[in-house]
Amino acid sequence: MGKSATNKLMSAAEAVERFVPDGAVLGMGGQSIGRCPMALSFEIARQGKTDLTVVGCNLAMSMDVLVGSGLVTRTECGTGNLERYGTAFRWRAAAEAGELAVADYSHLGMASRFLAASLGLPFMPIKSLLGSDILTTKRADGPDPDYVLMGNPFSIESEPVALLPALSPDVSIVHVQKADAAGNFAIEGFSTHEPEMVKASKAVIVSCEEIVDPEYFRENPGETTVPFLFVDAVVHQPFGGYPTSVYRRYEHDREHVVEYQRVARAGGDEYADYLRRAIEEPGDFDGFLAWALTDDKKAVLRDEMERLI
Amino acid sequence: MTDYRPDELMVVEAARHINDGDVVLVGTGLPMLAGLLAQRTHAPNMCYVVETGPVAPRVLPTPISVSDPRVMHGAVSHGSLLSSLGGVLQRGLADVSFLGGAQIDRYANLNSTVIGDPERPKVRLPGSGGANDLASHSPRILIITRHERRRFPERCDYITSPGYLDGPDARKLSGLSVPYPEISVITDLCVMEIDRATGTLGVARLAPGVAFGEVQEKTGFELIRPADIPSINPPSGDIVELLRREVDPGGIYLKG
Amino acid sequence: MTDYRPDELMVVEAARHINDGDVVLVGTGLPMLAGLLAQRTHAPNMCYVVETGPVAPRVLPTPISVSDPRVMHGAVSHGSLLSSLGGVLQRGLADVSFLGGAQIDRYANLNSTVIGDPERPKVRLPGSGGANDLASHSPRILIITRHERRRFPERCDYITSPGYLDGPDARKLSGLSVPYPEISVITDLCVMEIDRATGTLGVARLAPGVAFGEVQEKTGFELIRPADIPSINPPSGDIVELLRREVDPGGIYLKG
Amino acid sequence: MGKSATNKLMSAAEAVERFVPDGAVLGMGGQSIGRCPMALSFEIARQGKTDLTVVGCNLAMSMDVLVGSGLVTRTECGTGNLERYGTAFRWRAAAEAGELAVADYSHLGMASRFLAASLGLPFMPIKSLLGSDILTTKRADGPDPDYVLMGNPFSIESEPVALLPALSPDVSIVHVQKADAAGNFAIEGFSTHEPEMVKASKAVIVSCEEIVDPEYFRENPGETTVPFLFVDAVVHQPFGGYPTSVYRRYEHDREHVVEYQRVARAGGDEYADYLRRAIEEPGDFDGFLAWALTDDKKAVLRDEMERLI
């Protein structure tokens, strides 16, 4: 009942149409300004998939555009944050306006929930969160608790442990460096929460910088982060993480991120105008890239990365 | 006397809290600079672990994100959130973690989640990220922050990352594996440390030229006041030079 | 009529139980041969997962261990016990698993741990390995074994790997995620299958020339006997040829 | 409190002397006839470290020689097995003679226990083992239970789940392909239960086929299976897994394994003679290799592996 090794290459439009239903629990890869699934997120916004629950660890711009597009009712994550570039502002505004339910966890909390589901387990113990309001603001009882506190039954001393329920996204989106048509893929550099989240998900869409030959991973099995068994769709989208960075490929685009944060903070017409120009009008991600990024700029971002690795 | 800025004093003092050989969980900003400074001076064998996964990177100045390629440079492994926060931190291998927050209270609890009622937030902040994990599992916790009264309320609106919660044994009772961590809060005015008997903050050192009264005035809760409070040693000219030239050469975090 | 040996019939019949596209958890021996045969005939998209970790290897004949480099050949990833038994099997991605044991009882429970009292073993067997995991999490379970009465006791001395335990709903009550797996026991005399109404084994097919009475006589518990029992189709000459030439060319497992 | 990146190169004799105390819970890597830590195990036998509890998954010859040397009081594992070559016969004999306590688990059960300890957790849930005698023969209550059964608190339906206690070996021994002097190491091919077991252990001794340059893993961080933080000693021992196979380096030695199994099954003087000639007399593992293996045979085993990868 794993996914077969068939040819899963398709456009972002087809992948989102087929695998992202309205109301989905949407797992999101990437972290802060690194390797966010921008092309796939923009396509979800373009298709107006609604009533989404977005889950992940450090959610940033790829989550923020979905919230800013009015498509998200709930997030479960560690943080909504671009670090030096500020909070995810549409997310913050929606939370402050009471339009968005935000379920807070620590990063390890979220990673543990994905780990549980990736191993077919109903829950995972954790020793973080204890004593904090991340737990006290949640329900510990009833038929569908957010968490459970128990004593460690293997300790003679009294030792509370928290159990967090497994989290299995309906569909996850990730952007990676290399994939083959069957869905084997490789993440280079840090892999955030993605290996566990992807293996926990009912469906997975992977976009990638580079499609490799079907024999590539069979010749380099040590590079495979996740085998094809978990993957439903493969989208070839160079610069698909832009304007965030993709390790070994290109640096993030400071100017674009700063401009996004400016309009996201401003909201209103300025933000609507960004969505129109970045997502609606271009029709697809290559159209967005053509609007946002010159060839010269591409070369600069590649060079900047080259100097840092 | 050396000319230095308040942020530089904070970074230098924080660096002094890192021992050679320490495994240090660190994000970006001033904490990262403190780590880089320690590594270039008295703690060459300090080992960075970044929450995103990298182990022992040779960090290039000046990273602005935990996803920055500069924090992966020369790492011996790249890892994941699970390997760093679970496999190193919760596993009990960290010595020191750096934390921050919009609010720090009497018990050194930190709030980076929400100002006001969590159900109806006045200001929604970014949230925990890995901070709760770092605070839960680190034997030593370092907090660098500017000293402003609004940052030091009697009680955090929301405890994102546990300090001593509400008393000396509260961490132990709630099940945290590190029941009695050392916690130091390094500000531009002073260094505060947790008093283990009460689980509350007291002033351990004062910045040169600063009096206890000024610190208390800018703090929203009553601080423990020892009889004698030594001064923070000002940095030497060499150290300030190193900081400006090598640790943050672009002045990304150490602006005027 | 094709000339074939009993082990060859068992392998051929087991291969028929594998569908194209199945994710198959398999060790070595006759089960591996059945997989290789299926893959070379009707199930080219069958995907091996080996308990040691390899996913979708192009297995070279004839591996004699799950640590054999032959089961890693051409795999898309090498993995670990945790990735295969936790991340694929317990995660619910397997279609079929092959199992074996020294004892198989009425409920298709398997014993590969101990003959006699577990506290004072008469014969200490190798133990579960991954077998309990495969039996716990597979929707379809295939068992290949020679049909000898001592192998089919009324009740296993020790249940290493759960069949239907002691009744039709016993798996569900004990919490197993696959409450009602299909279980087929393929012997040189017959194919037995679990009857879901009782959770016990019955004869589904008889080997050519074998009568039910002979099977019952060589079985230590009473077998369910349907009114009509079809025969196992004997293999074609081509298939036997393929088996001997390509699947186990050295006759490692298919000796005389 | 991780281990530092100092020079940890030392002889097997020194490593065992320093890090394997009598009475240790000894984690053992390898599986069946693949990548077993033979050099380290032989050294433990040579030094006569006693009262050992050996833990792992598929324990085979490297465990069997310790049992056969009378040094083991207990094993916790999935199986004692060389597959086609038979049971681990000294282990079997000791169990049948009542001289050895054998705690049975499934492989996933053992891997889960190591996973728990590797993440600093007191236990791990598991959905294997339920209903089997692997559980019913163990204690589920009292102050120090072997396992605990609980209902899944996140399910409305009644759904039993087993909890297994974390297992943290006092010291683990593994044999791998590549390591550097600081203890960063790479396993090539399947990695069995070793990544979790090593990260769960209080001390770790790694023997390796090849010592790589200190910069190697910094240049190839994707190859690192475990970073230096977990490792105490690095032993350079080519053919240190002999007579088991080491992926990409050499095949197992069928003749030696068959001969070992013959004498292990026979026991008595024949077995004692093997221990004397293989372990005591040679003084170290190179001595054993000189006795067991000609240069021609080494070349054959390397060639056989070359043809299979």
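Order of writing sets the chain letters: A, B, C and D. Residues in each chain are counted from 1.
Following the convention adopted for this analysis, contacts are C-beta pairs under 8 Å (C-beta built on N, C-alpha and C of every residue); 3 or more make two chains touch, one makes a residue touch a chain.
Note that the structure is predicted; figures quoted are calculated from it, not measured.
Other chains, considered apart from chain B, form one piece (clusters defined by touching).
With each centre defined as the average position of its C-alpha atoms, the distance from chain B to chain D rounds to 40 Å.
The mean-CA centres of chain B and chain C are about 58 angstrom from one another, to the nearest whole unit.
A separation of 38 Å divides the Cα centre of chain A from that of chain D. In chain A, the residues that reach two or more other chains under the touch definition are 120-121, 126-127, 159, 161, 188, 222.
Contact with two or more other chains is made by residues 72, 78-79, 82, 86, 89-90, 137, 177 of chain C. Taken as a contact graph, the chains fit none of the simple arrangements: neither line, ring, star nor complete graph.
Chain pairs that touch, as defined above: A-B, A-C, A-D, B-D, C-D.
Every residue of chain B that touches chain A in the complex is listed here, in rising order: 27-29, 50-54, 60, 64-70, 72-73, 78-82, 85-86, 89-90, 113, 118, 120-133, 136-137, 158-162, 165, 170-171, 174-177. Chain D contributes residues 30-35, 57-58, 77-84, 87-88, 91-92, 95-96, 98, 102, 104-109, 111-112, 115, 126-134, 136-137, 159-162, 188-196, 244-245, 247, 251-252, 305, 308-309 to its touches with chain C in the complex. For chain D in complex with chain A, the residues that touch the partner chain are 116, 120-127, 143-145, 148, 150, 152-156, 159, 161, 163, 165-166, 188, 222-223. Interface residues of chain C, counted against chain A in their complex, comprise 21, 23, 45, 47, 55-56, 58, 72, 74-79, 82, 86-95, 137, 139, 177.
On the chain D side of its complex with chain B, the touching residues are 1-2, 4-6, 118-121, 182, 184, 199, 217-218, 221-222, 224, 226-229.
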